[in-house]
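Each chain gets a letter, A, B, C and D, in the order it is written, and its residues are counted from 1.
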Amino acid sequence: MQVGFLGLGTMGLPMAANLVKAGYRVRAWNRSQEPVARVAALGAEPAAAPAEAAEGAEVLIAMLADDEASRDVLLTQGVLEALARGAVLVNMATVSVAFTRDLAAEHKARGLFYVAAPVLGRVNVAEAGQLNILAAGDATQLDRVQPLFDVLGQKTWRFGDRPEQAAAVKLAANFMIASAIETMAEAATLASGHGVAKAAFLEMLTSTIFAAPPYKGYGAAIAEERFEPAGFKLSLGLKDVRLALAAADAVNVPLPFAGVLRDNHLDALAHGEGHLDWAALSRVAERRAAQK
Amino acid sequence: MQVGFLGLGTMGLPMAANLVKAGYRVRAWNRSQEPVARVAALGAEPAAAPAEAAEGAEVLIAMLADDEASRDVLLTQGVLEALARGAVLVNMATVSVAFTRDLAAEHKARGLFYVAAPVLGRVNVAEAGQLNILAAGDATQLDRVQPLFDVLGQKTWRFGDRPEQAAAVKLAANFMIASAIETMAEAATLASGHGVAKAAFLEMLTSTIFAAPPYKGYGAAIAEERFEPAGFKLSLGLKDVRLALAAADAVNVPLPFAGVLRDNHLDALAHGEGHLDWAALSRVAERRAAQK
Amino acid sequence: MQVGFLGLGTMGLPMAANLVKAGYRVRAWNRSQEPVARVAALGAEPAAAPAEAAEGAEVLIAMLADDEASRDVLLTQGVLEALARGAVLVNMATVSVAFTRDLAAEHKARGLFYVAAPVLGRVNVAEAGQLNILAAGDATQLDRVQPLFDVLGQKTWRFGDRPEQAAAVKLAANFMIASAIETMAEAATLASGHGVAKAAFLEMLTSTIFAAPPYKGYGAAIAEERFEPAGFKLSLGLKDVRLALAAADAVNVPLPFAGVLRDNHLDALAHGEGHLDWAALSRVAERRAAQK
Amino acid sequence: MQVGFLGLGTMGLPMAANLVKAGYRVRAWNRSQEPVARVAALGAEPAAAPAEAAEGAEVLIAMLADDEASRDVLLTQGVLEALARGAVLVNMATVSVAFTRDLAAEHKARGLFYVAAPVLGRVNVAEAGQLNILAAGDATQLDRVQPLFDVLGQKTWRFGDRPEQAAAVKLAANFMIASAIETMAEAATLASGHGVAKAAFLEMLTSTIFAAPPYKGYGAAIAEERFEPAGFKLSLGLKDVRLALAAADAVNVPLPFAGVLRDNHLDALAHGEGHLDWAALSRVAERRAAQK
C-alpha cells in the first residue's frame, strides 16, 4: 500500500516515521525541506510538491497546521486532481467542522473518499505510536486505513460515518483541556488569595483526584510559571476555542465555559502572551486578582 | 489519647470506626442514634449529647453537614465549654472560610486549639482509610493530631498555619470538581449536537486523557443518565459553589467559571433537579440546547 | 402626624427637609450631629438617639446606609420598643430581600407595621421632591403614608403587599444600572479597539437611542475618565450586585449578567478602584484589552 | 447628481423614496420587483440588475441584508465594474468589520471610493428622514455625500477615515441594544421570582430612568409577550452579536456580556424562537428560571 503524507511538523514527522518503520512505502511532503530529509533518511520517498505525494497513493494522510494551511495545500495545489479515483484522504489535523464538511463534499464529488481522524496525544505519544485516534467516515474506508491507525496509535475510537463527527469530538476534547487549564487557574488564584502557595495547591490536586495528563502537565507549568518554550501556544489554544464555539453555534448549543475561555484568551493576547504556552492562561486569572 | 467524634454521617461513620479499630478510645455523638449504636458495637463509647463527647477529650473531631449544622452543634450546645483548656478541635467538614475564621477565633479566646482538616474522597475511600487530608492550623497542633490523620488518610497535605487556608483549598477543590462536570456536560452536548453519542464521547475521554476519578465517576453517570440515588446531591454542589464564590469574594478574586456554575445549578434547582446527583448538572446543558 | 426620621445622609437629609417644609412635625436622628443641626434649623426636632426619634411617631422613616447599619440602628437600640403599637416603619433604604423579610416579621410580631419604599433618583432629585418611590406592603399602610410619599416623590409605584417585593424591584433596578455601565464599558472598548474615540462613541449613543439618565451620567464620566469624587462608589455598586444575586438565588433565578458584573467589580476592587465612582467599572474592560 | 440604490427592503425603500422626493435622480434595484415598482411610482428609475443601477451613478448607495447579500450583489454581479472611476459606494447596511475592510480595499484597487454609513433607527425613523447616520471614510468623500445624508437623517456622526470604524460603531451599538434586552429579561425574571408582575416592573423602569427607545420598545414587547410579527428577528440579533464578537476578537477585546448574549440567543434558536422578535430573548431567562 502506497501512502502519501502531507505535513511533517512536530506531530506529523514522528507519525510518518512510524509508518516507514512499520514497512509502509511513504512518499512525504512538507513545506520546509529539513523534515523531509529526515524521513527520507529513514526510507521515505521525498516529494517536491503536495501533488507529488498524492500521485499513486492509495491513502493520503494530511497533518497540516490548521484550516488555512489545509485549504491551501489540499485545494490549491492539485492534490485532489493527483489522487487516483477511489483513493482515500485521511485528515488527522485539528480543523473546523465546517471545513471538514466542505472537504468531504469536495472529495465525494471527485470520486474520492475522505476520513477525519484527529488525534489525542503530544509529540512523545506520537513517537511511541500511542496516540488515541478519533475517527469518523465511511466504515469501509475506516476498515481500509485501520492498519495504518494501528501503527500510529494505541486505540482508534470511531464516532460515526460523517467525518465532521470526528472533527467535533476533537474540538470538544480540546475545549475540555482549555477548561481544565482555566479551572486550575481560577482555583489556584482563589487559594493564593488566602495565602496558599499555588504550587502546593496544584501539586496536591494533580497528584490526587486530578491526576490526569492535562492537569499534571499544565498544572506543573502553572505552578512553576514555566511558559517558554511553549509546548502548545496559547494563541493556538484560542484558535481551537474559536472552532469549538463555531461548531457549537452551528448546532445551537450554548457553551458558557467556552465564552469565558474566549475572553480570557483574548485578554492574554492583548497582553502579549499569545506566544507563551497554553498554561499561561493562568496569568489572566492572576492579573485580574492583582496577584501579579 | 481520648478522642471525641461529632457527626456520624456517611463519611463520619467509617472515619470514627477506623479510629476505634486503630485502638483509639473514641466517644461519639450523632444527631440520630442508629450510627452511634454502630460505632458503639465496634467499641466506641456512645455520647448522648455533643458536650458529652467533648468532655475529657484531648482531640475532638467534627464531621458535620455544613456551616449551619456545625454552628448549631459546636456553638449552641456547650461543646466548647466542655472541652478542657488545651484541647484541640479538628474540623474535617467542608465549611466556609468565614465560619472557619470565626470558629478559630472563638477557640483561641477560650484557650482551645482549632485545626481545619477537610478531606478529599468519597465513602469507599473513607472506609479504606485512604482519604487525602487537607490540613491547616498551628504546626504543633497538626503534629499532635497527625497520628489520627495517619489512620484516616493515605496522606496529609498541610497548607499553612491559618485554619481558613485548608477551608479555602477544599472549596477550591470542590469548585474544580463542579467545573469538570460542567465541562463534560457542555462538551458532550456539543458532540451530541453533531450526532455523536454522549456515552461514546465521554467513555473515550474518561478512558484516555481525562481518566481521573471525578471525570470517570460523574462522566459515567452523565453517559448513563443515572442520577438517582444521588451520591452527592446537586443542591449540595450549589452550596459548595456558593462557598467558593464567597471565599473568592472575600479576597477580590474573580471566578468566572464559578459564576456560570452558580447559574446552571440554579437552573437545575428551578427545574426540580436539586435532589439528583451532581452529575445531573448535565441536564441543564442538554435542556438549553433542546436535546431533551 | 408625627414623623420620625432615621438617617440624614446625602439622600435622607433633603428628604427630611422636604417633609419639614411641607409642614410635618419631624423628629430626626443621625449618627453624626451636623445634619441633625441642619434639619433642626429648618424646624425639625433633634433626636439624641434612634429610640427618641421613634417615640410617639405615627410613622418612622428609615434611610440608613445598608443592611448592617439598618440592623444596628433598628434592632439594637430600642427603636421597635419605642414605637407605639400600630405605628408604621417606612424603610426607604436599599437593603436585602432577606433582611426585609426578617424585619417585616419582626414588626408584625410586635404589632407594628412595616413598609418597604426604596427610591430611584440621586440627591438633586431628592432635593426637588421628584423621587420615584418603589413601595410594597399592606395596602392600608401604603395609603396611610402616601401623603408623605407625595411630598418626597413625583410618583409612587406599588409592587405588592409583601415588603420584600419592593426590595427586589429596587435591587433589580440597580442591577440594570450596573449592566448599563458594563455595556457601555465593553462597547466603548470595542469601538476604541478600532480607533474610535470612546468619548465620540458614547456621546453619540447617549444623545440618541440611549439618552436615559444612567447612560448619560455614567457615559459622560467614562468618556471624561472622571471618577472622583465618586457620586456612587464602585464598592457600593458591588454591594448591590451581591444583593441582586442573593435575591435571585433565593428564588432560583440564574442571572448571568450579574455574574459578569460581580467578577468585574472584584477585578476593580483588586486593583484598588473601589473608592472610585461606579463609572470606573469601565477601567476593567480597558485593562483587560490592554488599552490602559 | 445621479444616485444608484441597491436594496429596497423595509429600511431601503423609505430611504430611496426620501431621496426621490428630495429631487435626486435615483436608479434603484431590488431582488424582488415590487418595491422597485413602488419607488418608480414616485419617480425613480427602475434597474433590472445591480450593475444597471451602478452605471453612470456618481454615488451608489447599498442597503442590503447582510455580508452575504452584500457580497453577492456587490462583488459577483458586475457592480464595481459598472461604476465609473471616482464614483463612491456608500454602504449603509450593517455588515462585518472584516468584510468592510475587504470591500474598502477592493474599491481602492479599482479607483473607486468606499464610505461606510450604517444607521440607527427603525422603519418609522427612516420614513421621517430622521435616522442617525454613523459614517466613516475619506473626509472628502463624506463631504461629497453629506447632502444625501442630510435628506436621510437628522444627524451624521463621523467616526474616522477608515470605513470599518463606522462598521465597528454600528456593531457596538447593536450589542448595546441586545444587552438592554437581556438586562430587562434578567431583571424582570428576578422581580417575577418575588411575585412582582413583569409588566409592572418594566413599565416603571422604562417610564423613569430607562425611558430610552430600546428599553421602551423591547420592554413593552416583553411585558405583553408580544413577539409576532417580529420587528427585528431574534435570529438577526444573533447575527449582529456574532459580528460584534468577531469585531472584538480582531482587536483582542474581551466582551463578556456578548458571550452571555450569544449563548442565550442560541438557547432561543434551539427552542425554535429565532423567527420571533428580538424581545423574545426574554423567554430564555424565564425558561431557565422555570417561570414558563
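We adopt the following convention: a contact is a pair of C-beta atoms (placed from the backbone, for glycine too) under 8 Å apart; a residue touches a chain by one contact, two chains touch by 3 or more.
Owing to the predicted nature of the structure, the values given are computational and were not obtained by experimental measurement.
Asks: Contact counts by the stated rule: is the higher one at A-B or B-D?
Replies: If we tally the C-beta pairs in contact for A-B and B-D, the bigger total goes to A-B.
Asks: Between chain B and chain D, tell me the centre distance in angstrom, where each centre is the average of that chain's C-alpha atoms.
Replies: 53
Asks: Rounded to a whole Å, what is the gap between the Cα centroids of chain B and chain C?
Replies: The answer is 39 Å.
Asks: As a quick test, compute the distance in whole Å between the mean CA positions of chain A and chain B.
Replies: Distance between chain centres: 37 Å.
Asks: Considering chain B alone, which of its residues make contact with at least two other chains?
Replies: Residues 248, 252-256, 260, 263-264, 266-267, 270, 288-290 of chain B touch two or more partner chains.
Asks: Answer with line, ring, star, complete or other to describe the graph linking chains that touch.
Replies: The chain contacts form a complete graph, every chain touching every other.
Asks: Please give the residue numbers of chain B that touch chain C in the complex, ascending.
Replies: Per the touch definition, chain B meets chain C at residues 242, 245, 248-249, 252-256, 259-260, 262-264, 266-267, 269-270.
Asks: Taking the touch rule as given, give the residues of chain D at its contact with chain C in the complex, in rising order.
Replies: Residues 97, 120, 132, 134, 155, 157, 159-160, 162, 164-165, 168-169, 171-173, 175-177, 179-180, 182-184, 186-191, 193-196, 200-201, 204-205, 208-215, 244, 247-248, 250-258, 260, 263-264, 285, 288-290 of chain D touch chain C in their complex.
Asks: Which residues of chain D touch chain B in the complex?
Replies: Touching chain B: residues 256, 263, 266-267, 270-272, 288-290 of chain D.
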